[in-house]
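Take a look at these structures.
Look at the two complexes coming up: chain A is in both, with chain B in one and chain C in the other.
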Partner chain A sequence: MTSALGSAPTGHDDRRARPTPARAHRFRWARAAGTGWLYVLPALVMYAVFVLRPLVLTLQYSLYDWNGIGVARWVGLDNYLTVFTDSDLLKIIGNAIVLIVFFSFIPVALGLLVASMVRRITTGAFGTVVRTILFLPQVIPLVAAGIAWSWLLSSNGLVNQALRAVGLGGVARAWLGDFDTALPAVGVIGAWVLLGLCTILLVTGMSKIDPALYEAARLDGAGPFREFLAVTLPSLRQEIGVCLTVTIIAALASFDIVYISTSGGPGLQTTVPGLEIYRLAFSQRQVGLASALAVVLMLLVLACVLPIQRLSRGEKQ
Partner chain B sequence: MAELLTKFPRRRAVLLASLLAVGMTATACSAPGEDRSSTQKSDAAVKTELGADPITLEMYAETGFPLAKALADEFSKQHSNVKFNVREDQFTVIVENAPRVMASDNSPDIIRLPTMVDLVKDDLLKNLDPYFTAYGWDKFPASQLMQLRVGENTRGTGSLYGMGLGYSVTGVFYNKKLATQIGMTQPPATVAEFEELLAKAKTGGVQPIMQFNKNTAGINFPHQALQNQFGDPTLVADWIFQKPGATFDTPAALKATQTIQKWAQAGYFTKDANALDYAGMVGEFQKGNGLFMFNGDWESANLDKSMPGNVGFFLFPTESAGGKHVAMSAPNTFGVSAKAKNPDAAAYFLNWVHTNAKAREISVTVGGSSPGGPSDLPVPSAAPNTVLAETLKASQQLGAENGAVDFTANATGGIFAAAITPEMQKLIAGQQTPEGYVKAVQAEYQKELSR
Partner chain C sequence: MNLSRREQLTGRVFLIALIVVTLLPFVSMLSAALQPRGTVPSGLEWPSDPQWGNFADAFTAANMGALLRSSLLIVAGVVPVSVLIATMAGFGLGQLRVPGGRLVFGLFLLGLTLPFEAVVTPLYYQMQDLGLLNTRWAIILPLIGLYMPFAVFWMRAHFTNVPVELSEAARVDGSSTWQLFWRVQVPLARPAIASLTILMFLWTWNQFLLAIVLVDDATKRTMAGALGAFQGQWGTDLVLLCAGSLLILTPTLIVFLIFQRQFIKALIQGSVKG
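Right, the complex of A and B next:
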């Protein structure tokens, strides 16, 4: 067994020997590392206090029945059992999974399409304008986007006015208050917000692709579609990975848009885990169950995101 | 090189694990929360003098409810040594924050309260019984303070834990111009007459009821208005006060739910009710887009301003003519925190609100509701021909008929958000049956009480 660092313990001889180059090296390394730790310390303290401690506390709370104030009662894994057996909570988790289609797949697919179209016009003033417009939804606070969209989608909003103008008044409805359309309507808002981010990431990725590859493909007689499949898509593997990761997290952990546009209604049609965790903890004062749902949500995010990370990196190594 | 790549993540994992372990041991030794078993004595000596020392009262009040601030300003004017530090939040935010704010070291002296049972259980609220005796609040009509009493896990009896900054009454506001248009000459005397008016409005192309049902179930207003008439209202009150054995699964509640379903199917509510919030409802009603709106007297002053002379109010009619009116009516509850720094001054303020002539006038003109207090004090009058005058009169009538009940939404901390709102949204969209609705609300109630 050898080590790239040259500091592997190799048995008792080592201990008796005078400082060897390897040892001196290790000493220097340790000192350097010590200084390094010192530099990292402030950030580490913040990380420990504001990320690790809440994480550990959430795990701990999830094992108790606690109203946030009084004495907690140890219930073991009961809260987790509730999360996995309560039909309402399962429906709520299901809603988040449906939202992945709208928050992730649609923005990435549309983003690829838009990016391929605007790829050639990314330079110059026009390119800047296009990029700015595309990125705008990402800059607008989600709460503002939620309010604007709930006006657009209200029964007398712009969407219904447009439908009535073209003679489709029969389709018009309060999109966010209708049992059939509320969840897709929330999904559309999410897709609108995230499309810009995906497009910009993908356009940037495309600009890094060696033009010679396209030239070669064209010489081989590839059309635009074939070119897209053989050159663009494989080269964007990592960017697509990043897009999917960010948007899937946005879908599973969504809160702002839903809270503003529907508050989870009608019924439980648009209630998502983020909203339910908040309600359970602060309005129903079931801190334990809320924490258990939060832990399950975290595991769900990891289960979705880790394979994507692996897939998008896989080939490079 | 491969070693390096695999080694670093392992190091990181070890590091993370050890950090987690440190965190665990630092925090996970004991169960969260603290035992705050009751230390309050209800016969403790209290002061009813304000004194001359400078005092700053911390007040946590509700945004969009200017009465609290107006009363605080007037109090400071009359007592120059008392200053108020008023913090405001939306009511739902107060509901969520109250327990933690009151458990903190910066607990407010006077706080707008949501449901009280949990707060009393956690010993966060000051028992006001000593002040009740000291100030002679027994001269108030007993029914006025009933909702503010908490006993052994029930409400309605037991010790006093809050006072009202105004006592609100609910009923039906109507647009006078639209009422004339459909031939309504006087408020309906029975539920059947009310339903006739709804039908007339519908056929006349007038939106019968403008009611919100997004975020929180505004249609619970008409629902409970019906439920109050269809059975013994004390059963409703028992359920709200968590009396043992009380149930929501009653013929009255079922009939009310069936009626709401019928109204929804007939199009008496707007099609977008599930997407309409409170502000949207009031806005649409003010624009003349609805004949009736179920709401409370806290909107009276506002409606007098936005549609002067064009708005009326009546208590929801009884099932048969000449019956006793029953309506949701509740104090705008304020309590004193158990950790308050100036509890005596806070109680002095609450007593002043009920008894000082100027304060009572402010309760009516700014708050739009009855000031409560001893029955021998005159109720300040509102300007004639205003809806404020009508709601004030209704409030006195309800008091005389002893017909006030609390809101079903206040039965438990989570019942409104967890059951009534989503189930009511389902009901009016045809996704829930009346039987299913009544059972679902009762199931959530039992779930919460069993915790």
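Right, the complex of A and C next:
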């Protein structure tokens, strides 16, 4: 899945996990060290061959002009220069950033709204049904979500049908095919996929907050809004961090939904870096440029995710 | 809970609205799938004469039998191996604490946020060199590698929290490292392993990018990859497309509903730990 989930470790840190072993033990463990490596090795080999090696190759390709077949020509940082100056490529990177609003901010904001009102989903049958249904979009392939929503947002689809029913037939259109609405429409699909996950995570976090905190806030005369700012937000910092991390990665590295629902069109309106890498590398045979864009995408993900990790965890410990 | 009645009611209303929005796409697809072939369906409209036979047509058109078999083969190639080697590595890093383990773990962490797009191009040429392009191995082998950062991270987190005294006791009893791993540690790690297995099954089944890049033949792809091809082929026949998509979704949904509790637990833990 494109759900490269999260990053950086949680509280499981070596330093506090075990007491210093007695000296006698240490000898025994030293002997086991050789054996220990045998356990780590298979995973490391698979990772090195199918992730680290390609990663290094991506870096290498990005410095060459190569059509995938002929001789590669060294061009230094030219490909990167192109990524940062070509107006089409900049627009494509911009599209991914716009998608963050839909994939991340909307699900997290709506999730918080629901969470602060529901506080806990009842444990009974209602709770189970709610959880199951809200998780459905996480379970189905993104491709299926893309197909379903392409249909919903098409000229004859449910969205337009509903608009016509309430007398707004004038705004009805093929949402994914319209220059102005295509990117937001793709964003809506992502929001639909991620909303349930964020809501459940936030409600789960919410149920762990000590009710006494709310009592105290009420006694201090805090209204619902102050209560939200003073109690809910700080207590949910970690959960919000998780939601933002997962959804921002989903937005920046989006591919499946776009490929299926719009193929990047109309024009370049919905083309995202993932799709452009695929096109450059496999249709246009510009492997070097594709690789430079891949490196930029990777760095963009890190630049967004690392600060969130720091903010959401750092202050808590 | 000191929520006023009105607030609780609003919360419920929001939740129910959320549920309706979540379900609508499925219902709309179903209503389209049941229209007579060749008609142009509109939004949500229950057909007067539901054509359940469309599903049979879609089953044949999509070559569902072959697709199911292919996806199962890929899952069988990816999941057991990934879980086994990740559990071993987690044990080595979290319990045995091999020298240099921190460095290796850091190396794995590097891959946690890696978008698959960043490595798919070199993987294509690598598979070409190995002569594996257009075979299921082209999906299986890279996926095992790509899952390692999360899987090792996950299993290590479990093994770090198992008291080392347990291993030491087993050693005093004279058991070998393998016995310690297989007889003592793995049974204890069962919940962590179960969650990991579920997540990997889901991610493999739904993998799209690698499938469309590395394998041309839809009957050698994952379910998601095959669905992409199905859309390409039947995109203009909306009725059949909706029927086929729902059909392709069904196995996942059945597995999800059966293991629902474990799935939800795994997904929540999976994102929180990640």
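Just so we're on the same page, the second predicted complex is superposed on the first by the 276 of 317 C-alpha atoms of A that agree within 3 Å, B and C clash if a C-alpha of one lies under 4 Å from a C-alpha of the other, contacts with A are read in each partner's own complex, and residues count from 1 in each chain.
In the analysis below, a residue touches a chain if its C-beta (ideal position, glycine included) is under 8 Å from a C-beta of that chain, and two chains touch if they have at least 3 such contacts.
This one's a predicted model, so the numbers in the text were calculated from it and none came from an experiment.
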item: First, second, both or neither for A:Arg285, with chain B first and chain C second; value: first
item: Touched partner set for A:Val295, first chain B, second chain C, both or neither; value: second
item: Chain B versus chain C as contact partner of A:Thr262, first or second or both or neither; value: first
item: Dominant toucher of chain A (residue count), chain B or chain C; value: C
item: Touching partner for A:Arg173 - first (chain B), second (chain C), both, neither; value: first
item: Which of chain B and chain C A:Gly68 touches, first, second, both or neither; value: both
item: Where chain A meets both chain C and chain B, residue numbers; value: 2-5, 48, 52-53, 55, 57, 61, 68, 282, 287
item: Touching residues on chain A, where the partner in the complex is chain C; value: 1-10, 12, 14, 17-18, 21, 25, 28-29, 32-33, 35-40, 42-44, 46-55, 57-58, 61, 68, 113-114, 117-121, 128, 130-145, 147-149, 151-152, 156-162, 192, 195-197, 199-201, 204, 211, 214-215, 218, 224, 239, 242-243, 245-246, 249, 252-253, 255-256, 259-260, 273-274, 277-278, 281-282, 287, 290-291, 294-295, 297-298, 301-302, 305
item: Sites on chain B touched by chain A in the complex; value: 1, 3-4, 7, 19-20, 23-24, 26-28, 31-36, 92, 95-97, 99-100, 103, 118, 121-122, 124, 214-215, 270-276, 413-414, 417-418, 421-423, 425-426, 429, 431-432, 448, 451
item: Chain C residues touching chain A - in the complex, by the definition given at the top; value: 1-3, 7-8, 10-12, 14-15, 18-19, 21-26, 28-29, 32, 40-44, 85-86, 88-89, 91-93, 96-99, 101-102, 104, 107-109, 111-126, 141-142, 144-146, 148-153, 156-157, 160-161, 163-164, 168, 171, 177, 181, 202-203, 205-209, 212-213, 223-224, 227-228, 231, 238, 241-242, 245, 248-249, 252-253, 256-257, 260, 263-264, 267-268, 270-274
item: In the complex, chain A residues that touch chain B; value: 2-5, 48, 52-53, 55-57, 60-61, 64-74, 150, 154-155, 173-179, 262-268, 271, 279, 282-287
